Amino acid sequence: MKVIALGEPMVELNALTPGPLRYVNYFEKHVAGSEVNYCIALSRLGHRCSLIARVGNDEFGKNIIEWLRGTGVETSKIKVDSSSYTAVFFIQRHFPIPYESESFYYRKFSAGSKLSPEDIEEDFVKQADLVHSTGITLAISDTARDAVTKAFATAKRKSFDTNIRLKLWSPEKARETIMRLLKEGVEVLITDKDDAKILVNESEPEKIKKAFMDYCKILVLKMGKEGAAVFKEEESYYIKGYNVPVEDVTGAGDSLGGTFLGLYLNGYSLDKALKYGVAASALNVMIRGDNENIPFLEEIERFIKSIER
Amino acid sequence: MKVIALGEPMVELNALTPGPLRYVNYFEKHVAGSEVNYCIALSRLGHRCSLIARVGNDEFGKNIIEWLRGTGVETSKIKVDSSSYTAVFFIQRHFPIPYESESFYYRKFSAGSKLSPEDIEEDFVKQADLVHSTGITLAISDTARDAVTKAFATAKRKSFDTNIRLKLWSPEKARETIMRLLKEGVEVLITDKDDAKILVNESEPEKIKKAFMDYCKILVLKMGKEGAAVFKEEESYYIKGYNVPVEDVTGAGDSLGGTFLGLYLNGYSLDKALKYGVAASALNVMIRGDNENIPFLEEIERFIKSIER
Amino acid sequence: MKVIALGEPMVELNALTPGPLRYVNYFEKHVAGSEVNYCIALSRLGHRCSLIARVGNDEFGKNIIEWLRGTGVETSKIKVDSSSYTAVFFIQRHFPIPYESESFYYRKFSAGSKLSPEDIEEDFVKQADLVHSTGITLAISDTARDAVTKAFATAKRKSFDTNIRLKLWSPEKARETIMRLLKEGVEVLITDKDDAKILVNESEPEKIKKAFMDYCKILVLKMGKEGAAVFKEEESYYIKGYNVPVEDVTGAGDSLGGTFLGLYLNGYSLDKALKYGVAASALNVMIRGDNENIPFLEEIERFIKSIER
Amino acid sequence: MKVIALGEPMVELNALTPGPLRYVNYFEKHVAGSEVNYCIALSRLGHRCSLIARVGNDEFGKNIIEWLRGTGVETSKIKVDSSSYTAVFFIQRHFPIPYESESFYYRKFSAGSKLSPEDIEEDFVKQADLVHSTGITLAISDTARDAVTKAFATAKRKSFDTNIRLKLWSPEKARETIMRLLKEGVEVLITDKDDAKILVNESEPEKIKKAFMDYCKILVLKMGKEGAAVFKEEESYYIKGYNVPVEDVTGAGDSLGGTFLGLYLNGYSLDKALKYGVAASALNVMIRGDNENIPFLEEIERFIKSIER
Amino acid sequence: MKVIALGEPMVELNALTPGPLRYVNYFEKHVAGSEVNYCIALSRLGHRCSLIARVGNDEFGKNIIEWLRGTGVETSKIKVDSSSYTAVFFIQRHFPIPYESESFYYRKFSAGSKLSPEDIEEDFVKQADLVHSTGITLAISDTARDAVTKAFATAKRKSFDTNIRLKLWSPEKARETIMRLLKEGVEVLITDKDDAKILVNESEPEKIKKAFMDYCKILVLKMGKEGAAVFKEEESYYIKGYNVPVEDVTGAGDSLGGTFLGLYLNGYSLDKALKYGVAASALNVMIRGDNENIPFLEEIERFIKSIER
Amino acid sequence: MKVIALGEPMVELNALTPGPLRYVNYFEKHVAGSEVNYCIALSRLGHRCSLIARVGNDEFGKNIIEWLRGTGVETSKIKVDSSSYTAVFFIQRHFPIPYESESFYYRKFSAGSKLSPEDIEEDFVKQADLVHSTGITLAISDTARDAVTKAFATAKRKSFDTNIRLKLWSPEKARETIMRLLKEGVEVLITDKDDAKILVNESEPEKIKKAFMDYCKILVLKMGKEGAAVFKEEESYYIKGYNVPVEDVTGAGDSLGGTFLGLYLNGYSLDKALKYGVAASALNVMIRGDNENIPFLEEIERFIKSIER
């Protein structure tokens, strides 16, 4: 299918060793960003995904375009904006909390945050089967938020990952902005417990379901190493997380969400799509880099088969 | 004791990071090959092991000879064959299946696969206490298979590891060739459940034992992280695997088999030899490289003592 | 312009440290191949270059396609051939000859060498402005050679780099095959002194010119660190090489040839195109990797300006 | 508070990869030493800690001073002793015992071991709130032992970590020397089961408590991955260890002891100080390097909060 | 002597390999900034240098303070500003111009750029022997520029390095701002030909001297690999650059300027101070990192002696 | 021929990056030692070289034996001495003097320095064609010196490299000890200008020749990057050094001396042997590691041929 995603691609500098960044001597470069990861997951599953975005006219901007084009993501709607720079962020791993990662952003006034409604061509959006974005794009700037609003207003079908980053905005601002967008409804909504607490003040899966089902047809609840759940009307499925060594959890949720979404669009049953998504997220936490381990279908199947035998 | 092994030494290029090889930027070089690993295990336990093999007249061939000579393996019967190249293989780790490794071979028509009956000097074989080979050597070429057949026909005592690699031959070809060789009987047979399924169509340890005991005096059944079993007439012993972090499982079975064989030849009881073999294989999976962690006796004892206290 | 190149893309494993490969512990992966480098040089200069080639159905094949697509090379004519593997080669640097590199190929019977006339669609070739290949493609297999012959027979304009690799064929075979192809004439011929000695038994630039001018309109003579010359009827220009630190010379000739060709097709004067090509080759020897340093026009101009001020 | 520590700072060369050092190709440099780690833990918790020590007049000596000064440890009492060299040691990890590390010292006759009573200025010691040392300083030389004796004789309050290193002295010598020092009593005594077995011939926590309580007011018993206990008159608290991936356990005990001591001096309750100490030691085993992961208070609190939610 | 410097300390991410940053996979972290380098050079030569600056309340801010404190720079006047982040920059080396480096800044609205007159305590400035700053500090923000103006108005003696960075401001803005500051006169002025062209529109050393001598007592003209010159009334000395392998030229000018300044303050003759400064800059270009190779006096003397024998 | 060398093998920790060791984070391990290098050079040229030496009963001792055995050096006379440790040393490169290296030894009271006359079996020495040692072995201990004296007294033919290391002894001690040994005469004496200044107080090649010719038949004078000279009665030959990039000069003199010696023993003319030795030393300075680049004959010939064409 044809999918459009709106978001900010970034260059990730991942600590080569765990511990506080002040003592990390080497950083490994990757291309990242939640919507980037969704696009790659969708491409791996056979969809044609176009990212609407801006990058700076610099080496990191070129890097992002080459990487995305290489993986098969459609890059013709990525504008090179000479007025600003491409965002970067640094990842600190396993400190002070083992198995968790922390991002330090250098993205204020970045080219990516200048995404604006003028970047949204209505004809282009209309011909797409689905439009996807996340809470991050709503948070990075008012113009980026308006771009999402405009695209969602035009889109045939919509999916949305709440992805609240408290380094980018306050819980109040996040709630107000996201809930306003959701009022129009989306087909697939992806969230997690922390976001649900902020958005609908619920922590229990069934209550989260109840709170969100007015806004979407399908709700995916990511639960980290405990796995995930998916809800649709009367259906609910829980999939337990797989136990693997954790190098960096950054991007694991996108790997889950993107793989679920891609398989759902391919007509998979909800529980199978979710199980495959959870497998994709297990593979993702085993490496540094947000999307290198996002699997092709055949790879997920080998993973699942190996686990089940 | 004096042991002879027949097989193909190779240069291993091990991915420095887990994940699909297309995104791996650095590879670490090691010397590998199942029979190489057996030779090193036997050397570490005090045996004099000579490898009959061929390498190319190139840097990697020199590398193999220096490495083996350094570890104490006897290299005078390794021919440098200028007509071909030394085989290499690449290892992809933890993808798409966590905790497992996959090998990509560049060994077709390699110098090592040109091993042939003319490389087998009968007098040299006769003076050895034991001759060892594996299913890999049977698979790499007809001449290599004939070399094993010739050596086994002359050998005083024989050991054999089934080691079926489905990238090298079909299950049918493997079954036919290995079972023909085994018809003559070997003293020690090492195998695992996947190989047993192919060779004798059994999956349960006791049934595998029954199926193989006509062909050997002692049967070692490797069971990966679950450990291993050894059978001899009425005796059977199970040893549970040790729980250690897995970097690369390649070579773990050889470490187990070679350590068992070396201790067995030194007169250890079957259960003790097996327990030490399982310890050796636990150490092996913790590193990249097939044989750097194959332990000396004193090292195994420190490992065992630490676990048991 | 639209350009088609025929050749074998490979994965390069470049020694991280200089010296004999037996003592090199780490290798750095790159995508390489003479025609790959030409395609990237042409893409950087604004041409649309399509590579006709085969890769294996493996990680390295995927790697090559992603890399080329990323850089903007057209990959729709690269067949994934499941019957064989993607070629690799290892580079030894600065030993035993300082400032030089040596390649060790694992490409026999590779997917790339199975390139054949059936891969050449005449309509596709006819719509291209220029078809390019090299002596390497002639050497890797009879079918690959026939593919080049077929494509050249159909092409509007042709360019050819003699690129004789004595690890792939004998001087006699090289001479016979290349001269037969050249009999039909090419517009741009790129060669060096060693190749000229083999092909036309001449070593002096002016004599080399005389010997080759029956076969081409424009002759480029690469002379390593001494620079290069270009000849066309009465015109001859020499450009001195730039003095830079040498990491790995592999691919430098392609960087020169591809940059010259791209600028020539863009209408640059011969001397300016050659000077820029020599600059591109100077940048290329400063890094490991065959094509990462192949410059965009603006980068060459910054280089030249800096040298000339 | 003002704390003084006496001991030998060293440069640590930590194996970049696990396994026997003969096959390790790269080593990572860190600044280490038990008392160094205690000082850094105390500094991180707001105390002013001065290390009394000697280093050689060489690069590694300068390295130690810059590192300590950088972390906020007071270095004015570190003498640069031109008559000898700065000690180094190598760390072998996970071999032959998984999850454990082994140190190989190059510290005989080192500058650090020349620490002597003349380095102890009584006025300086008197103004301190607490003086700390360990069994290592007692072991490295007679003059170092006498320096500790002299400092302890003058100190207001004292803490001591038994830290017996059997590569430095015999169990008998260790027992005799340490017990003689303890006869004068210390406020806080830190030990572990192996040391207790040597010193008071007990292995059970409650019996160890009984045996040591004559010599101290507070006893901390480190129990590796099982956690730790603290005793004071009628009080006893046990804290379970946290389950984290183990890179290198070297320095974990110091991280525990130093963090406990720092919080105890800040007036924390024994059980809270111990729990935080155990958290600090969990962070420490996740990296190479003895003290880079020693946490600030806020970092411990984030760790604890994450575990407890 | 007591010196005060005003400027922005940054974290530098230096490309581990040369070539365009889009293809660089690893970056090496260092602490950098022109005034940081001056401070370290001065400290190495025995002066007490305090940096007045701001860093963010983050890991990189802590990194900077630990590094500076470690090297002996006085850090009590570095404010931790929680309202912003610590600046970083990336270095691309040898591309597209061999032997040169290019910086990509992430410093807009950084904590460092919030340096303001309120950070300048007049009493603290008065007790210093010399106050130093550079054109960079004038460029990063209006408040930073005003801070320099305020400090210079109070200072006993002043030195200034023009250090124009065209990524931070226009030539016109640079000329206007710097010349206004210089109107009050400084004791030591450090510049180079590119800056002189912008500031006084001269390119020839003697004319540059003439144009600047109204504004300073001593003028140092840095000339890259050609060396440097120093002027004072009737005196002029030229020192040729030393020929060394170039890894990264970033910071070489600061190494020259800081070493010259430190020795000048120590009473060295102008020509000797300059020669030592040029030696210090030669050492600096041989490594990545701005200040690790800034030498102690004894090291410069070994360098000079080795060159001269 | 059969050669015996006496000396101390060591583990070398070479700085991965140039600059002062305090800022070097990674070290690369190699096996080194002047006599080790000579043995490897001789082995590469077809001689059977046995090293008489001691190593500690530790990982580094095992490392040395495996490395030497791997390269083909005879190790049966290397004693494993459990009473001490294997020596190590650290190499600082290009600081404070570009192109030079500095060694920091940890070898006092090492196993290697315990080499003693009791290690010299006269029958073993007598059957050798030549015995070789260096000034380093004379310097490390009195017993090592006596071992050399004893071996030289028994040897058929002798060669000696003066190799004075001022970190091991004073010039006076060096002169007295070496000249006493030389009084008995050696066949081949290898020295350099610094050593000649100390030993015979001469700096000019011809005067050095005159001063030493009473003590030897053939004198080799190493002159660093300027090349080398060889003298024999009326013959003198000078060979200019080759211009190559310098990574680490450690071991270059041994590469020169060992290659010269090996070819001289093979009957090469003095000038050819010297030229090949100078080529071997050029290769050696291009890498870290003392002996990995010591060439085989065929490699030297490729080097020479490339230079001369």
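Letters A, B, C, D, E and F name the chains as they come in the text, with residue numbers starting at 1 for each one.
Everything that follows uses one rule, which is that contacts are C-beta pairs under 8 Å (C-beta built on N, C-alpha and C of every residue); 3 or more make two chains touch, one makes a residue touch a chain.
In this text the structure is predicted, and so the values were computed from the model without any measurement.
Asker: Treat each pair of touching chains as one step and give the shortest count from chain A to chain E.
Answerer: Between chain A and chain E, the shortest chain-hopping route counts 1.
Asker: State the superposition rotation angle between the two copies chain D and chain E, fitting on C-alpha atoms only and giving a multiple of 5 degrees from 0 to 180.
Answerer: The C-alpha superposition of chain D onto chain E needs 180 degrees.
Asker: Taking CA centroids for every chain, report which one is farthest away from chain A.
Answerer: F
Asker: By residue number, over half of the contact pairs should agree; on that basis which option among D-E, B-F or D-F is the same interface as A-E?
Answerer: D-F
Asker: Would you kindly tell me how far, in whole Å, the mean C-alpha position of chain E lies from that of chain C?
Answerer: Here the centre of chain E sits 45 Å away from the centre of chain C.
Asker: Find every residue in chain D that makes contact with two or more other chains and list them.
Answerer: Residue numbers touching two or more other chains: 20, 23, 25, 66, 245.
Asker: For this assembly, give the contact graph shape among line, ring, star, complete and other.
Answerer: Chain contacts: none of line, ring, star or complete; other.
Asker: Could you run through all the chain pairs that touch each other?
Answerer: Applying the touch criterion to every chain pair yields A-B, A-C, A-D, A-E, B-C, B-D, B-F, C-E, C-F, D-E, D-F, E-F.
Asker: For chain B, which residues count as touching chain A in their complex?
Answerer: Touching chain A: residues 17-20, 23, 94-100, 245-246 of chain B.
Asker: Tell me, which parts of chain F touch chain D in their complex?
Answerer: 13, 16, 20-29, 58-60, 62-63, 66, 85, 88, 92, 104, 106, 108-109
Asker: Which chain B residues qualify as touching chain D in the complex?
Answerer: That would be residues 242, 244-245, 247, 282-283, 286-289, 292-293, 295, 299-300, 302-303, 306 of chain B.
Asker: Residue numbers of chain F touching chain B in their complex, please.
Answerer: The contact residues of chain F facing chain B are 66-67, 69-72.
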